[in-house]
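Naming follows writing order (A, B, C, D, E and F), and every chain is counted from residue 1.
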Amino acid sequence: MKISARNRLKGRIVEVRKGATTAHVRLEVGGTVVTASITNEAVDELGLKAGQEAYAIVKASDVMIGLDG
Amino acid sequence: MKISARNRLKGRIVEVRKGATTAHVRLEVGGTVVTASITNEAVDELGLKAGQEAYAIVKASDVMIGLDG
Amino acid sequence: MKISARNRLKGRIVEVRKGATTAHVRLEVGGTVVTASITNEAVDELGLKAGQEAYAIVKASDVMIGLDG
Amino acid sequence: MKISARNRLKGRIVEVRKGATTAHVRLEVGGTVVTASITNEAVDELGLKAGQEAYAIVKASDVMIGLDG
Amino acid sequence: MKISARNRLKGRIVEVRKGATTAHVRLEVGGTVVTASITNEAVDELGLKAGQEAYAIVKASDVMIGLDG
Amino acid sequence: MKISARNRLKGRIVEVRKGATTAHVRLEVGGTVVTASITNEAVDELGLKAGQEAYAIVKASDVMIGLDG
């Protein structure tokens, strides 16, 4: 599937931690760790586990800009 | 201000394009361009312009995971 | 690409309206019209136009529940 | 209350699963299951349970567009 | 309609500015101005204009926490 | 850090409840309680606890408008 979301950051999954309903998936993307909060069901359906190549995908309207200082 | 958002990707602004009410700010982050859709007012208040160091900031609940194939 | 977003509603695009930076894409999904607010660039990259089959995709954490009354 | 969110999909709740803090509510909407990730408190306050008619409500800026292929 | 979104802040609309597709609505809520970025269509459908009592409504998963310093 | 998010509501934390992965933080803001659903890790990193002054921070594109009636 092609998707309209503008932002796709390629990385490698370093941790998958499932909670009661919500899982946290951490990817290393160019030396930075990105955390995704997704459903346990998505983790199971995609078979996500540490070591896999994956993308962090973010819609442009969910990105803010920060400046130091 | 310290903020709870988990994801802060450091980069450099490569384009600021203001629309009628909504602006698109593009940052280069480790060789990938990240697009943020924010208000024109935020662009003005922060004085955002191409060449600045800045962060793309994303709440963990706004990050999805994608797999190739 | 396979994506973690839980909700994929199949429909047909009935209108694409581009603004200065933000486009509104309307899909008919089972008799209901769904509106997506996405970037003009996404419209161009995907070549979206009325008549196409497409999916409305929504992350579970962006869905609210409403009750009548 | 009338609300600005553009997307209201009528369906029937097929499952309510509460976690430690976050609940998953599943609605059948025209043959497709839609998952909403909401707080346990919202489930309690609205008295949500399987069998009820309800709406999945989504702000237009939270809808992405996908294409096959 | 009753809605699962946890946060409803009562205020008064102080400005409605429509763009090409996206409008900015500003409410004064207890001495603070809250900005909502919504579709022009929502503004028209609800008949929003300065002076009206209205609510800023936010899903709990879209609220971040900030600390000074 | 300065951030593009338009909405910063000052208040006092009245409750921090951690779940398996997701925490709910409640702030009293001018007599109204605002609920934020954030990661447990953010709670730990910021050291959030009841009694602290804090801000509820919301991106303008995540604010909806509601009207009575």
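Methods note: a contact is a pair of C-beta atoms (placed from the backbone, for glycine too) under 8 Å apart; a residue touches a chain by one contact, two chains touch by 3 or more.
What you see is a predicted model, and the numbers here were worked out from it, not measured in a lab.
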What shortest step count links chain C and chain F in the network of chain contacts?
2
Between chain A and chain E, which partner chains are common?
B, C, D, F
Shared numbers divided by all numbers used: is that above or below half for chain A and chain F, i.e. same or different?
different
Among E-F, A-C or A-F, the pair whose interface repeats that of A-D, with over half of its contact pairs matching by residue number, is A-F
Most distant chain from chain B, judged by the mean position of its C-alpha atoms:
D
Could you grab the centroid distance between chain B and chain E? Build each centroid from C-alpha atoms only and quote it in angstrom.
22
Between chain C and chain D, what's the gap in Å when you average each chain's C-alpha atoms?
16
For chain B and chain F, let me know how many angstrom lie between their CA-based centres, rounded off.
21
So chain B residues touching two or more other chains come to 1-6, 19-22, 24, 35-39, 41-42, 46, 48, 55, 57, 59-62, 64-68
Chain pairs that touch, by label, are A-B, A-C, A-D, A-F, B-C, B-E, B-F, C-D, C-E, D-E, D-F, E-F
What residues on chain A touch chain D, complex-wise?
1-5, 19-22, 39, 41, 59, 61
Residue set of chain F touching chain B in the complex reads 1-6, 36-39, 41-43, 45-46, 48, 55, 57, 59-61
Interface with chain A, chain B side, in the complex: residues 3, 5-10, 13, 24-25, 27, 29-32, 34-38, 42, 46, 48, 52-68
State the interface residues of chain D toward chain A in the complex, per the touch definition above.
17-24, 35, 37, 61-62, 64-69
